[in-house]
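As structure tokens, here come the structures.
Note that chain A is present in both complexes that follow, paired respectively with chain B and with chain C.
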Partner chain A sequence: MKKVFEVALGILTAIGGFVDIGDLVFNAQTGARFGMSLALVTLIGVLGICVFAEMSGRVAACSGRATFDLVRERLGPRMGVLNLVASVAVTLMTFIAEIGGVALAIMLVTSISEVLIVPFIGVLVWAVLWRAKFTVMENVLGFLGLGLVAFAIALWQLGPSWSDLASQAATFDKPGKEDWLTYAYFAIGLFGAAMTPYEVFFFSSGGVEEKWTDKSLGIMRANVLIGFPLGGLLSLSIAGCAAVVLGPLEVDVAALSQVGLPAAVALGKIGLAFVIVGFVAATFGAACETGLSAGYSIAQFFGWQWGKFVRPKQAARFHLVLILATLLAIGVLMTGVDPILVTEISVVFSAVALPLTYFPILVVANDRDYLGEHANGMLSNTLGTIFLVLVVVAAVAAIPLMVITHMGAGV
Partner chain B sequence: MAEKGTDERRHPNRLERPWLDAALHLQDRQVIDSDGMMVCNVDDLEITDGGGRELAVTGLLAGPAALVPRLSGRVGGWLREMWIRLGVQYAGRELPMRIGLDLVDHVGSDVRVRVRREGLLDRQPPAAPGVTLRRMDDLLGMSVVVGGRNVGHVLDVRLEPRPQESRLVLHSLIVGRGRPGSLLGYDRGDFNGPWLVARTVEWLHRHTGELAMVAVTSIDWEHDRVEADRPPGPLDGR
Partner chain C sequence: MGGRSRGSTYAGPLLALLAGAALISGCGTGRPSSTSAWQSASDRVLGTAISGLGTARIAVEQERRNGVFHTYAVVTATDAIETTGKEISSYQVAQPPDALHSANAAVGDALDEATSLLVEVRVTLASPGLTAESASRLVKRIDALRDKLDKLDKAVEKSPQSVGSR
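Let's turn to the complex of A and B:
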């Protein structure tokens, strides 16, 4: 029974961990503009994050080493430091976007300008990182994040032509008014939103925090293989809702209120309430995860004590990084920069930075010295290699596409 | 606090095996204290040269003074200058922190020391008379010359533990083309897969071999050159 509970909680966390501000924004945008024609990319992204997280979780469980430990160990300090700078920059950008996302979600209810809310959110995130127990933080936010299930119910209530949505998803085509380059840009955005590097830093470091051993592999796999796909379904229903409600109106999603609009249309106030709780929980949870991930990466690279399994006093440098990251995020958001814009940029740069951590993990997952019988088998290696190619292609194409399409505005 | 002894059960102690590799198994590993707390990373290794004995690793080096020089190249040079400039008033700015090998009792997926971390790191003491202290990173990457012909670079250094003497004696050099670290561990025995990566690394390192230290006639630390009297032999994966 205890095990069932543990698995359920883990899955819950993985669902919440999958959906963050990047998924909310990119799925609604693509849904509104491209219908379900990019659904396949989300599915590929979900499979990718499953492969990546499963490998890094397995490595963490068997070797006791988290991602950035291994990055430095395998690539050496020179490549490692480049990797660190790039990954931390992207993670911090995502952290800023998530805190901005929380503020936007709260603005929907309070109508107070998000710039005024930001400092409070920042302090609250920091307080959680400082005080809250790791599992409490994960589970409470994961549970509240289920508010996003309202999107799935809303889609069902909207009663769309399912065969139409399915045929959009199944055929390789785009709406006539969009061009292929913009299509490709949004494909990379969805892929980057599904496979954000911080998810893996957090997942593997969390595994080390919770002292996984090779006996934890079953639970870890259940979390990944059930939780992330369920999170992917939520992403698809957000896109579906946007396709049905916003698509015909030709709305270009540029605000969080537009992301939530379909749920309000379909389910009224109650739907909107659930969705907003879901927004707050998902973005707040992701803010905690990205903040911790920035701290994890830096501390692991330099060998400092990290983690929430020790008292803050015992991991002073790690907590100093968290404080500085929070101050940075508050400072950037106080300039009044649009959090949605930060989100879009962070998602695209996630795709750029992904191979830097993906590759070393793929290599270490094959090291029998560390993993023994749990080293990658045929399936993991086949999928791992396919995704290595995909991840590299996405990374190379991301910035040129962003420039050519003016961040998706069209060529 | 990490459970004591977990890693010992999980990963056999490399100090009790016939050999370990400096770059692959020791450098850039996490150092853990007797309570399971994290101390630092192994930023470099101290090599003791002279005193009538063979070259041997005698300590772990840590801190910016050990790490920054390894980020070689223009950026590394700039970082090193910055590091010194930020603390011109401090003596021994370029002296790294050191942990003697006598304190290390386990090398697995991390490096365990037998004391608590509080006050553990102290500056590297000066060398005894007739002895020069070198750094592993200076040896890695040196070009290897046999009879005037360049046969490659030092990619890794195979060490033979002598636990009673708290030393890791340099046993052989792994010599090949490319750069240290680019082997990714693919040369060491039991490593299968992903086919694409493995074949690529294998191809890049098709000339990699092992050169016993007894074949090394001189090491020129100034000009980064190792002279040997015979070419490297095939690599023993074990």
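Let's turn to the complex of A and C:
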């Protein structure tokens, strides 16, 4: 019974914790502008994150060490530095976007400017990272993130033509007024949002924090292979709601307030309340995950003591990184920069950094010295290689498309 | 050290070259843009205004139905003004082609109208709040203006010279 509960809890928190500010923004934007025609990209992205999260989780469970720890050891300091710089830069950008996202979500119910809220959110995130137990943090925020399930109920309540939505998803075509380059830009954005690098670092380091062993492989796989795809369905629900409510009015999503409107249309205040709780929990949870991921990556690379499983005094440099990252995020957001803009940029740069993140994981997951009999098999390697090709294509195309399409505004 | 001084030596001429290239290609403030660039900029800004009005329409409708928290509706309307305003500001600082001054003025007037209506929506939503009558009046005006902007957008795309001519 305890095992069943543990699996169910893991799956639920994986669903609730899957969506972050990048998913919220990009799924609503693509839904409103392209209907469900990019749904396949979300599904491919979800499959990709499942493949690499399973690999990094397996590495953590079998070796007892997190990804960065092994990347440097296995691939040498040069490749390690490249991996570190790319991943930390993108993770910090995502951290800033997530804290901004929490502030925007709170602004929706208080109407206080997000710039004034940011310092409090920053301090709160830091306090959670400093004091809260890892499992409590993960489970509470993951559960509250399930408020976003309101989008799935809203979509059902809106009563769209399901065959029409399915046909849009299957045809992989753009609406007539949009151009192919903008379509490609949003496809890469969705792919980058689904495969954000921090998710695998957090997942593998979290495995070490929770003291996974090879006996935990079943629970880990259930979290990844059931929780993540169900989280992906939430992303599709957000896109579906936007397609049904915002699309016909030609609303181009540029603010978090617009993302929640379809839930209000379908479910009224109660649905909207769930969605707002979901927004706060999803962005706050992701802020904690990205903050920790930045600390994990740097500390693991330099061989410092890290993690929340030891007292802060024993991992002083790790906690110093968390403090500096939080101050950086507060400082950037206090300049008044639009958090949605930061989100869009962070998602595109995530796409750019993907190969540097995922290639080392594929290498380490093949090493029998670390994983023994649990090293990658044929299926993992085939899928890993296919996704590596896809992430290289996305990485090469991301910045040119961002420039040419004026960040998705159109050619 | 050597690398740094080499970088400083090249940085000045490189920046000057980039600025020169930008000016020659018509990126300098005050130089008229090409007709196609004006068309796509007008299309973008009109699209943003139509989007802002669509957002305001949902906020008004939901507030009337009591389907949204009052603060949420006001924040939504404020966001719509900010997003539309930013796009309009960057549109207005660009110089239109010489042959399209009246078309540019017509687009500008329509954008002013959109901004004014969005502000009116926000003010009405915030205080004293919507009545059924004021909500229905606002929705009608939003729909009419969205329709107007849509027609203008199509005209900008098809025959920009005809826009704004009497």
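The rule is short, and it goes like this: the second predicted complex is superposed on the first by the 411 of 411 C-alpha atoms of A that agree within 3 Å, B and C clash if a C-alpha of one lies under 4 Å from a C-alpha of the other, contacts with A are read in each partner's own complex, and residues count from 1 in each chain.
We take it that a contact is a pair of C-beta atoms (placed from the backbone, for glycine too) under 8 Å apart; a residue touches a chain by one contact, two chains touch by 3 or more.
All values derive from a computational prediction rather than experimental measurement.
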When chain B and chain C are modelled together on chain A, clash or fit: fit
First (chain B), second (chain C), both or neither touched by A:Ser167: neither
Chain B versus chain C as contact partner of A:Val363, first or second or both or neither: first
Chain B versus chain C as contact partner of A:Gln157, first or second or both or neither: neither
Touching partner for A:Asn139 - first (chain B), second (chain C), both, neither: neither
Which of chain B and chain C A:Gly303 touches, first, second, both or neither: first
Contacts of A:Leu108 with chain B and chain C, given as first, second, both or neither: second
Between chain B and chain C, more extensive residue contact with chain A: B
Partner chain(s) touched by A:Lys269 [first = chain B, second = chain C, both, neither]: second
Smallest distance from any CA atom of chain C to any CA atom of chain B, in Å, after fitting: 8
Set of chain A residues, in rising order, touched by both chain B and chain C: none
Chain B residues within the chain A interface of the complex: 1-3, 6-7, 10-11, 23, 27-31, 37-43, 62, 67, 70-73, 76, 109-110, 180-181, 184-185, 188-198
Residues on chain A engaged by chain C in the complex (per definition of touch): 107-111, 245-246, 249-252, 254-255, 257-258, 260-261, 264-265, 268-269, 272-273, 276, 406, 409-411
Complex contact set, residues of chain C against chain A: 40, 43-44, 47-48, 50-51, 54-55, 57-59, 61-62, 65-69, 71-72, 74-76, 78-80, 82-83
Interfacial residue positions of chain A with respect to chain B in the complex: 62-65, 69, 72-81, 211, 213, 299-306, 309-310, 314, 362-363, 366-370, 375-376, 381, 384-385, 388
